[in-house]
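As written, the chain order gives the labels A, B, C, D, E and F, with residue 1 at the start of each chain.
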Amino acid sequence: MCGEAYRDANSLKDDAMRPSGRKIDEMRSISIEVNVTRHAEGSCLIKCGDTHVLCTASIDERVPPFLKNSGLGWVTAEYGMLPRATNTRMRREAKNGQSGRTQEIQRLIGRSLRAGVDRVALGERQIIIDCDVIQADGGTRCASITGGWVALKLAVQKLMKAGDVISDPLLIPVAAVSCGIYAGQSVLDLDYPEDSEAGVDGNFVMTGDKLIEIQMSAEGSTFSRDQMNAMMDLADKGIAELTAAQIAAVG
Amino acid sequence: MCGEAYRDANSLKDDAMRPSGRKIDEMRSISIEVNVTRHAEGSCLIKCGDTHVLCTASIDERVPPFLKNSGLGWVTAEYGMLPRATNTRMRREAKNGQSGRTQEIQRLIGRSLRAGVDRVALGERQIIIDCDVIQADGGTRCASITGGWVALKLAVQKLMKAGDVISDPLLIPVAAVSCGIYAGQSVLDLDYPEDSEAGVDGNFVMTGDKLIEIQMSAEGSTFSRDQMNAMMDLADKGIAELTAAQIAAVG
Amino acid sequence: MCGEAYRDANSLKDDAMRPSGRKIDEMRSISIEVNVTRHAEGSCLIKCGDTHVLCTASIDERVPPFLKNSGLGWVTAEYGMLPRATNTRMRREAKNGQSGRTQEIQRLIGRSLRAGVDRVALGERQIIIDCDVIQADGGTRCASITGGWVALKLAVQKLMKAGDVISDPLLIPVAAVSCGIYAGQSVLDLDYPEDSEAGVDGNFVMTGDKLIEIQMSAEGSTFSRDQMNAMMDLADKGIAELTAAQIAAVG
Amino acid sequence: MCGEAYRDANSLKDDAMRPSGRKIDEMRSISIEVNVTRHAEGSCLIKCGDTHVLCTASIDERVPPFLKNSGLGWVTAEYGMLPRATNTRMRREAKNGQSGRTQEIQRLIGRSLRAGVDRVALGERQIIIDCDVIQADGGTRCASITGGWVALKLAVQKLMKAGDVISDPLLIPVAAVSCGIYAGQSVLDLDYPEDSEAGVDGNFVMTGDKLIEIQMSAEGSTFSRDQMNAMMDLADKGIAELTAAQIAAVG
Amino acid sequence: MCGEAYRDANSLKDDAMRPSGRKIDEMRSISIEVNVTRHAEGSCLIKCGDTHVLCTASIDERVPPFLKNSGLGWVTAEYGMLPRATNTRMRREAKNGQSGRTQEIQRLIGRSLRAGVDRVALGERQIIIDCDVIQADGGTRCASITGGWVALKLAVQKLMKAGDVISDPLLIPVAAVSCGIYAGQSVLDLDYPEDSEAGVDGNFVMTGDKLIEIQMSAEGSTFSRDQMNAMMDLADKGIAELTAAQIAAVG
Amino acid sequence: MCGEAYRDANSLKDDAMRPSGRKIDEMRSISIEVNVTRHAEGSCLIKCGDTHVLCTASIDERVPPFLKNSGLGWVTAEYGMLPRATNTRMRREAKNGQSGRTQEIQRLIGRSLRAGVDRVALGERQIIIDCDVIQADGGTRCASITGGWVALKLAVQKLMKAGDVISDPLLIPVAAVSCGIYAGQSVLDLDYPEDSEAGVDGNFVMTGDKLIEIQMSAEGSTFSRDQMNAMMDLADKGIAELTAAQIAAVG
């Protein structure tokens, strides 16, 4: 397979260049602590290195108007960042309204999670995933998707235990990882120092080896088809590791 | 002293009535973990029972316009609640703007903390305290003030260590506690089940044995001067315990 | 009683220090003119010295959603200030939205008036109190509560006359007065020159000799338990005078 | 003059049809009380029948950015209605933002008053006219213009007395009156019962016998050139009476 | 007739003074292209000289709440300008909300079109007219009304063809034209260079020889009754030409 | 090259399935009319089948604050849709604020165009691209990017002609095309009927054979690496055709 060729090539490069000292295909350490808040039906605190996101799942027996009496479930997401999650304090969105960036991210999270849900099996109810970034160091939207799936799964487990859902609507985890071109090199799971310097970066959302969403973006730069393939290979590796952590977390 | 008389009277009542089983003058357990986030100049996670608030202090060398060239410092606060900090999910304020309740609380936090600051000693700079409620079980504004002071103190210690501030502008801690009348009885440090049933409740902000702010409010009820005194006695006791925890936390 | 001692002590101080020449326990002149607008079910123009507030009561047979079919009535309030009610013209809130201060005040007025209403006797309807400050000289929220009760009472009298309400839901007037510490002295009913200089000021809402709400606040200062008691004594005196004026006004 | 012919024709019609019993060319009683608020540089309470508007003039030594260093003055206006100025309570604009109607009215008031000002003589300063409707019974925008001119004049008199303005920038009063077609008849100075039924109504702003602004509007109807002329004749008569009242008020 | 006299006088003046070289009573060239968009029930692109407005009519079988079960139809309008329709780019209203000017214009368009509709014959449905200015050179509100009527008529023709409307609710076209006083001269159909210099300008909305709306406005100037009559004469001429173009366009 | 293999495979499938009858790798007809508005420095009306977008470029000699004195230029974009550009009328964003979708699209357009600009050569000035959808039939964001580049190029040509820019900052066109999986088949340039049914769709922004942005998104579905490659091949073909049209348009 042509993708493999790129991975080998990448491994030969000097990995020492990453600010963190990680290899180009090395993820940050992943930790997922579950049931961290008392009120939510499902919750976890996911840590991807220094990026920490609190994800909660809230079950709402009402669906949005366009799904009334459809028998279909819905999953949606909201995203926020605490003002001092970042190096420099950001303005609180409650005072200024959600930025375009925030809306873009929460639409992505919702779409991604829905792609991995059997909405018939879920039944006519809504699960709202809140992803709040406690501390940011790059990759907050990916951590939100990965942790959001865990919170969602825990809430669904509660529904199944109560007999409200019979057949599991969540079979394979949905996870997300970033890749980018940093210092001319395709790298996996960018932290903030890399992200802020990368000419190209993007996010891969996958469920198993299937793709759900790809967002690649160059600012003041471009990338080739070969570089795209290299990043897809890195993403495959990262998603596999995240999926393992998700499965471990939800038991 | 006349205040003492009320406290004795209270102690004779049957304490078993509180949902938590606490005595009428018994605080919830207090825990203050400091330096919990990497970016903020000062931070703590304060837990008053099941109420958990993340407080961060951000130093800004610019002051608001009305203080330019005044030589005086400023402390201000912002408050938020994660949507699922509560039993039922609340609408995210970033989508709807800050409610009147939120604005009222953050004005209170800022005013309270400023009352304990020597603004000349602080010098012409601003410290912004962000109080974000991770989990709520009553008394979030009090926990925000108490934890906010700790975050503020840690940021000031950093300024003093760097030689940017010479004389400590924060001598005595500012702390806050709630009191109320629950089932006809004056009680200390209401949790949510008490708060939602109390005919009268309020908050006392103090620095040592001095008062900074009192907010007592009855909804569908009234209270007497004697009851007010009883609550002030309870507040004295609670503040002393909180102050001790604050001092221990900031070393 | 220990409260009395403070009042005597206060009376010995030099009263000449108040900018208005009033004694420390002397209210401004109170005037309440009723039925000042043609459309409202109840209305008054209350003047506390140079603070003039127009209060109207509007009866709405619909209640807020959370009270539907409860049989309970509701009283709520809105507050505004004409742009040139103050010495310097303020920005019109209709152009900028209600400030935090405005929202805080109107929540206080509504809560205060509700505390004096028998909501069963009122029946399932809503009365909206609008308090619009025509001219401000300190104490506008207190005048709004005191005048708001008069407008409310007049509207209720109309309901009773029409046989829509049988048993009077408003027995004892609700009134409010400010107290503060000005030039080191506890004083009653602060006007603007005092209010802008006071280190501590606050508001007492009472119905007869019962307390409904206390809001004491120090900015850049603190106060003692003794000073608090002195202010409570002053408030008792002021509320008695306001209540007499309210009763005279509503006949 | 051809206009006169229409006036005679109108006078022959049966005037008894107006709900108020007024003749078709009869104004409501006009009262202008000046200096009604303590803080504003100029103020009046104008009553045109049951329409009562409080007008204040605030002098601001800063002009809008587009006039900086132009040597020219500016006059602008803002308009509001108290929520219960009307028969049915309206939503408070501070909670919902200014409606299109409100913006339209305040733009009209500002434009109208500016047309009567010698902006060179006024000098580089701004005068803001606030028109707040205390009680409405039709014709609030006209009363605002007429009363707004009085407040403006009083503020200018203060500037002239202080020597800040040398030559009077306000020579002839600006006044406004409504006309409309009610029950097929052209009538002067519509009150609310007429206004709400009129197929055509409008406003004439004049300074002496010169026109500044005409706004005629038909809803579900039309009007002829002859009817327009009849209304212009009525407006001439009304403006003359208003101008006399304005001159009497400002001494 | 006295109006004619003014027109003759005007014709004697030197017409060469208009920046465009037009005579004082000369309209810009009018072009109305119909059915220019695929989705709308009626549409046209109207060009009055360099002012180009896209007008669409959207049929909505639901009426506003106040008309439910009344059997009456409704016509309303919205107006917008593309940011670069003007010489200098304007801020996009979607980012800042509709200005007072925009709201004023769209209220005028809706009112004007409704005056020419038999709302019983239309039946209980709503037609929304969107007028979006592609290129502006003065007179955009007039072009919107004139073109809006064409779009409305086309949509109504579709309803009649489908048998949903039996009797034509739109008999005589509604059209609008501007007049003003430019360089001391009353002129017809002002373009932007004239409009920006005119001391007096206004809009006449007519249906046949009947008036629907007149808006005359002077900024820093006044006008006489004679000048008003002269402008009304010019408007008569312009409306006749626009009406002919409308009738030609809708076949 | 491995990409070619997929294209051949695709060509063997039954192309008749597309609602428009197009082949799977067949673009809609492209038309780009330039200089369509009088005021903008650059403009075009781009038609991709029934999707029509008006693109204007406005030169602003001021840059955003973060670029002041940097010597670097900036390109940004805003996007809008006329309310009746779509089959069902949408609410006007000027009344409700820009939706998340709108903000996402205009951020994409700006980022994409910037990636193809030599910001040093452009010099310290800003060019704002407005993309307003006159008629929508799928692919509006792609048409906006492709047409936006043309408007941008025309404005730059004007700057170069005037000698304000010396070296051309825009060498290779930036163009965008959509691909998706419709009825199990990878197809090029989706129209609305395809877009609304596609399980996977996305956009490729390219400059020559280099990638700038990829956005692939599955709703209720997933896609494989092979399908991704097939879509990238289709995009290559589409971009080549669009680029040829762009070059022809700008001469």
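In this text, a contact is a pair of C-beta atoms (placed from the backbone, for glycine too) under 8 Å apart; a residue touches a chain by one contact, two chains touch by 3 or more.
Everything numeric here is computed off the predicted structure, so don't read it as measured data.
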item	value
Chain labels contacting chain D and also chain F	E
Mutual neighbours - chains that touch chain B and chain F alike	A
Inter-copy rotation, chain C to chain E, in degrees (Cα atoms; steps of 5)	120
Rounded Å distance, chain A centre to chain E centre (Cα mean)	53
Centroid distance [mean C-alpha coordinates] between chain F and chain C, Å	61
Approximate Å spacing (C-alpha centroids) for the pair chain E, chain F	35
Where chain B touches two or more other chains, by residue	98
Successive chains around the closed ring, taking chain A as origin and chain F next	A, F, E, D, C, B
Contact set on chain F toward chain E in their complex	37-40, 43, 50, 54, 56, 58, 60, 78, 80, 82-87, 89, 92-95, 97-98, 102, 128, 130, 132, 134-135, 137
Contact footprint of chain F on chain A as seen in their complex	2-3, 98, 100-101, 103-104, 106-107, 111, 114-115, 119, 202, 207, 209-225, 228, 232
